[in-house]
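Order as written gives the chain letters A, B, C, D and E; numbering starts at 1 within each chain.
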Amino acid sequence: MFWEYLPVFVMLLVAVLVAVGLFVLTSSVGPKKMTPEKAIPYEGGSETTGAEGLRLSVKFFLTAILFVVFDIEAVFLYPWAGLFSRLGWIGLVEMLVFLSVLGVTLAYAWKKGAFEWEK
Amino acid sequence: MIPPIVLHGLIYGGVAAIALLTLTAWGIWFERKFAGRMQSRLGPTMVGWAGLLQPLADVLKLLQKEDLVPAQADRTLYLLSPPLTVFFTLATVAVIPFGVDVAVANLPIGVPWILAFSGLMVFPVWTAGWASANKYALLGAMRAVAQGISYEIPMLLTALVPVIFAGSMNVNEIVRWQAEHHWIALWPPGPGLFAFVIFFLSCLAEANRIPFDIPEAESELVAGVTTEYSGMRFGLFYLAEYLHTLVASAVASALFFGGWNGIFGLPDGIHWMLAKTLTLFFLITWIRWSLLRFRADQLMRICWTYLVPASLALVMISALWVHYAPQLGPMWGG
Amino acid sequence: MNAWLLVAPLGVLAFAGLGIMLIDAFSPGRAELAGVTTTALLMAGLISVVALLSGVDPGELPRSLRAFIAVDHAGLYFDVVICAGAALSALLAGGYLKEHHLERGEYYVLLIFSALGAMILARAVDLITLFIGLETMSLGVYCMIAYRRTSIRATEGALKYFLLGSFAAAILLFGTALIYGATGHTDLAGIGNVLAAGGADARLVLLALALIVVGLAFKVSAVPFHMWTPDAYEGAPTPTTTFMAVAVKTAGFAIMLRMLITAFGDPLSASPETGWPPLIAGIAILSMIYGNVAGLAQTSVKRMLAYSSIAHAGYILVAVAVSYAAREQAIASVLYYLLAYTVSNVLAFGSLILLGSRGKEAVTYEDLAGAGRRHPLAALPLVIGVLSLMGFPPTAGFFAKYYVLTTALSIGGGMVWVAIILVLSSALGAYYYLKVIVFLFMKEPQAGAPKAVPMRSGYVAFALVLAGYFVIKMGVTPEPYLRMAVDAAQSFIS
Amino acid sequence: MSASSAARPSSAAPASAARLGVDPHRDLSDYDPEADLMVLNMGPQHPSTHGVFRLKLHLDGETIVRAVPYVGYLHRGVEKLLEELTFVQATPIVDKNDYVSPMTNEQAINMAFEALLGIEVPRRARYMRTLFAEMQRIASHLLWLSTFGIDMGGALGGGTTLFMHCFREREWILDLFELVTGARFHYNTHTIGGNRHDIPAGWAKQVHTTLDLIASRIDEYLELSTTNSIFVARTRGVGILPKELALELGITGPILRASGVDHDLRRDAPFHAYDEIEVKVQTEPDGDCLSRALVRVREMKESIRLSKLLVDGIPEGPICGARPIKNPTQFKAKEGQAYVALETPRGELGTYVIGGGKNKAASPYRLKIRPPSLHALSALPYLLPGHSISDTVVILGSLDPIMGEADR
Amino acid sequence: MEFAIGIYLALASALFGIGAIGFLLRRNALIQLMSIELMLNAVNVLLVAFNRVHPENMAGQVFAFFVIAIAAAEAAVGLAIVISLFRLKQTVETDSADELRY
């Protein structure tokens, strides 16, 4: 069972080798003149206080929760989709109810203004 | 003696990785030449015949640049993000069947594997933005995460349609089913084609291509997530973006256009898969060089108010279609 | 078709919940949601009462459905109790939310889905359904507690309940995983058979039993795991406290009974010396004593009622502890006690809402001072409720305690001591119940304190009348309700 | 110090701004400093600030609460410099102010000196000046359209295609200018009294062919911009500038016309040969970014029509009313002052000059230039609040500011 | 090789222990949420491992599916409550929630 995944690991190994190789090459070939001016974060050339002042609105949290709601449904949808032809009408009705409940949540979130992002 | 499985693994794994990385490099060359033609200019011509060695020249140029790490940056995450992007994209390729039985790993959980890794793609983009302690990068990172996870939903739902039709999650099974029956994108017209269109748009958004490329919105956020990156690290981000586009078009052609299945009686094989992938890659490039960019909130509104309900409906319709009209094959072949 | 009647209540609630969600989303504020919720809950309760009385046999229900949800009369009985509790709290919420300007549709959606979760939990015969029901119910309740976003007390109560609740759920889950590992079954009957056949590894079973009892004890707020109860009850808006005290506790005891009787009913794990009965009896004693002792020192009526709910949990646990031997009678006494406790609790909390008006809840004793003399009719429900909780003769509470006492005494042996402690602690508890009546009628409010003026709300009044009617009826003529409880207990064991 | 200066009037915003609901000088006390507001600098070196210009944005989450523009990064002290140079030497300095339409700059300065010195410009020179101004307007609006595309499409995407095409067209117009003046960009073809270079033979025919080609191409570019649904989605209803606020801020040119004010100097105060041709003024009612874009695009077409008219109607005759220039101090003006304003692609460029300066009155005592771009930028603090960062870029692009002209 | 349940049991209980200790010791509400998730995942490991011991029915893995879904829902509600706490108290330290003391 494990051998099936070997090619994947080999591929990823090659990816790692490429990445590490490039890094090593860059550090050996590239110049190393680090000056304090180079180190400050770029913000259009004017002096900056870095990124700690960033306040983020709650709509990011809302999107994350909506993502959780709809992504977990994949955990249930994929096994059903795989066996769909062998499940008969019980499977169909069950999943239509499942998807319509999701439709209701989507309509609810839509009407409650979860998707008005900016204004 | 190395058991045959291990041999198969080493060869396929290595060849696939190397082939893909070089294919992407020349994908960049193709895009620059094509963009040139679209803008009535020549594109790279200096290096090698018709600029063919331009990607190599780019790599060498980037290599000898100094790689900076900003002072307040979180060093490990900052250094780890670029290779991670390439890492996750390459992992998605492991499951795609290029030839009749030419697949790096013929896994029974094909489609969820692809979705898992394209979901993971959001992670390095976010850490890059967070680690470089720069306001623009952080804003870009937040938007990238919001866009990445939102477009994951329609992608996830429309990827269900081929699984429902073929009755198995293994991508090779799906392609074989399409070879015997019909390409999902062409028949049935309702769920098949729309599913492909939504899947294609979500892949565009996942790969952060125009018109969905808010994370690297040059004009607004300077360079978005990659503002603080320079030299080869920026090169890796750039490479990962093109690799992701190539992989997305490969997945789309495998799931919806019958990967290695040929038409007009020509023999099946890897050439068909490459042809389809490159046409989709060309389509993505064409879109990229002709459209403007959406604003962040328009982007999210499109996803949540158009794509997600449409894909929900599509899954229902395809379930009903398979249940009630499985024998309605298309007129031609299939 | 009538076989589906057994499962109809769940269906009714599910569709009612979705319907109210859509009504609230598409026409905010206009629809009278409190009324809609109560009718849906009452309808579900009525269906289960009809099914219970008409004695429908669950013949043609598909095998796959019966493997997960119980379709016996006990399930229906629990439905009745939970639907009654939820409907009455929805009525109280109708009045309370309008009074405190919290009128938002989400509350009723949460209420219905928590009631649905409680019913699934009460009917769970499989570990998976148990966990789903438990979490659906608790998540709804967490949100209802934190409903008043602006008040730090509500958020804090919700946070405490959430953290401890999910911690206990994780422990319960670990126990269920272990028992699944030991027996290979997730359905309670299957586990019971394997344990009876003695095939399981004793160490795993004992550890699993301990963890499960901990998880369940937490849900019914028995003593060692009661820390969240006073804070959650006091922080939450009063209708949520009513729902928590009523439906959540009922579902907790229902699943405890099912788990201990069907899954761990075998002689080894249910033996009076080494099995779960002594464990439950110990918890019962602790709860009774602590609940009443701590209740004495309270200045807020709501917090006092929280400690009284811990004490009542102790009383019911006594019956549960006894159920290993006198199965049918013990279970019937638990069922009856739950119904009695539900209606009397609704009376107590409902009258608190009634006496608190214009945005200021009547919470502490001083708020109630002198209210009885000024508005005798408004204070009457509180008096009846308190008497019933105390176990005063003509009310339902008295008979429920009496029934538990007779079951405990009929076993004899160690249980006699437990019965004595029950009597002593409920006598102790009488003090803080009477204190309410004393404040209502004898005491005068301080000079500046705002006097509690009853609020005009049809919903709250209707709920109190309904609950008062049942408390008196079950006290005076307990026979029909007792018969229903015994019939449900018999179907439980078969 | 007299008491009056002590009671300095606080920088009250114009009344119309209050109606717009935006007070640009709003104090941020209701936001406690360290918790809510984030200060983001779209600093001097930013890919889409059209030159060196810094915008300090106070952000609440992603929406802008207050925007503070900082100009002056490209200040060359042109006005002080011109007090040293003589009238004759002024032209090459001034045509580098608005480096996108140098022709109109040269015309402005020379018209001011001619008004001061009282020199008459012959009819052929007036025709040539008008023709050059109109062709320069086409080139300037083409450049605006291309940079607007980049603002919205990004450097590696659809925006660049629009950019490349518009620049190709602009090159042809610059080639035409090269045929006349020998220079592609900073021509120095205008002098006091008229022009220095005359139109070569056969030039008119080339102008016709080029303008026909550009006219046909413009409709093609509209598919990439004003009729493209993404472009419209990004610009409709963004950065609405009400008519009263525009007037009070002294905004002129396409931005004013896009806010519904029918004001164009070419028709209202005709100069050069505008009195002999009829200019149709383009206006849009609602004053958002889209209407500013539409006004500019329609003005381009109008300029093409005018240029073809002018090229055919150029009369014969001398091209310079004054004696050819022998020495720098040839023209002297003891006293007197003059103010001249003309319609450049960005609005009303005014030049005010007072005679009797240094070099024995051969250079102006004082010269003041009124830049339309500075007034356009002054609208930013009113337009930006309430929008997101991506909108900032679009609004800034639609105002089409040129920092060289704004900072002088 | 015969399926050794002991290792998985040890792993799961270790994870569960870490989660429980994390929950009890740490004062930051987010860390407590994370430790609850850790405990639920430990239970998942155990369920799937026990499913290999009783291969006749896939009840263990089906149970794991539901635990994943419910852990996600729990995290969502937990975060919502922590956010409302943060809005009121500007901190996620659970000590700060001491209003209902007596």
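Here, a residue touches a chain if its C-beta (ideal position, glycine included) is under 8 Å from a C-beta of that chain, and two chains touch if they have at least 3 such contacts.
In this text, all values refer to a predicted model and were calculated from it rather than measured experimentally.
Peer 1: Which neighbours do chain C and chain E have in common?
Peer 2: Both-contact set = A.
Peer 1: Where is the C-beta contact count highest, in terms of which two chains?
Peer 2: Of all chain pairs, the one joined by the most C-beta contacts is A-B.
Peer 1: Closest chain to the overall C-alpha centroid, by per-chain C-alpha centroid: which is it?
Peer 2: Of the chains present, the most centrally placed is A.
Peer 1: With centres defined by CA atoms only, which chain is the most remote from chain A?
Peer 2: Centroid comparison gives D as the farthest chain from chain A.
Peer 1: How many angstrom lie between the centres of chain B and chain D, each centre taken as the mean Cα position?
Peer 2: That gives a centre separation of 44 Å.
Peer 1: Mind checking the centre-to-centre distance between chain A and chain C? Centres are C-alpha means, answer in whole Å.
Peer 2: Taking the mean C-alpha position of each chain, the two centres sit 42 Å apart.
Peer 1: Distance-wise, how many Å sit between the C-alpha centres of chain A and chain B, to the nearest whole number?
Peer 2: The separation of the two C-alpha centroids amounts to 14 Å.
Peer 1: How far is the middle of chain B from the middle of chain C, if each middle is the mean of its Cα atoms, in Å?
Peer 2: Distance between chain centres, rounded to whole Å: 53 Å.
Peer 1: Residues of chain D that contact two or more other chains, please.
Peer 2: As it turns out, chain D has residues touching two or more other chains at 35, 38, 40, 46, 62, 388.
Peer 1: Among the residues of chain B, which ones contact at least 2 other chains?
Peer 2: Correct list: 135-136, 139, 222, 295-297.
Peer 1: Once the touch criterion is applied, which pairs of chains come out as touching?
Peer 2: A-B, A-C, A-D, A-E, B-D, C-E
Peer 1: Where on chain C is chain A touching in the complex?
Peer 2: Against chain A, the touching part of chain C is residues 18, 21-22, 25-26.
Peer 1: Touching residues of chain A toward chain D in the complex: what are they?
Peer 2: 43-46, 48-49, 53-57, 118-119
Peer 1: Please output the residues of chain B touching chain A within their complex, sorted ascending.
Peer 2: 3, 5-6, 8-10, 12-14, 16-18, 21, 62-73, 79, 82-83, 86-87, 90-91, 93-94, 104-107, 111-112, 115, 119, 132-139, 142, 145-146, 149-150, 152-153, 156-157, 160, 163-164, 167-169, 222, 227-228, 231-232, 235-236, 295-297, 300-301, 304-305, 308-309, 312, 315-316, 319-320, 322-323, 326
Peer 1: In the complex formed with chain A, which residues of chain D make contact?
Peer 2: 34-46, 49, 54, 56, 60-63, 386, 388
Peer 1: Where on chain A does chain B make contact in their complex?
Peer 2: 3-16, 18-20, 22-23, 25-27, 29-34, 36, 38-44, 48, 50-54, 56, 60, 63-64, 66-67, 70-71, 74, 77-78, 81-86, 89, 92, 95-96, 99, 102-103, 106, 109-110, 114-119
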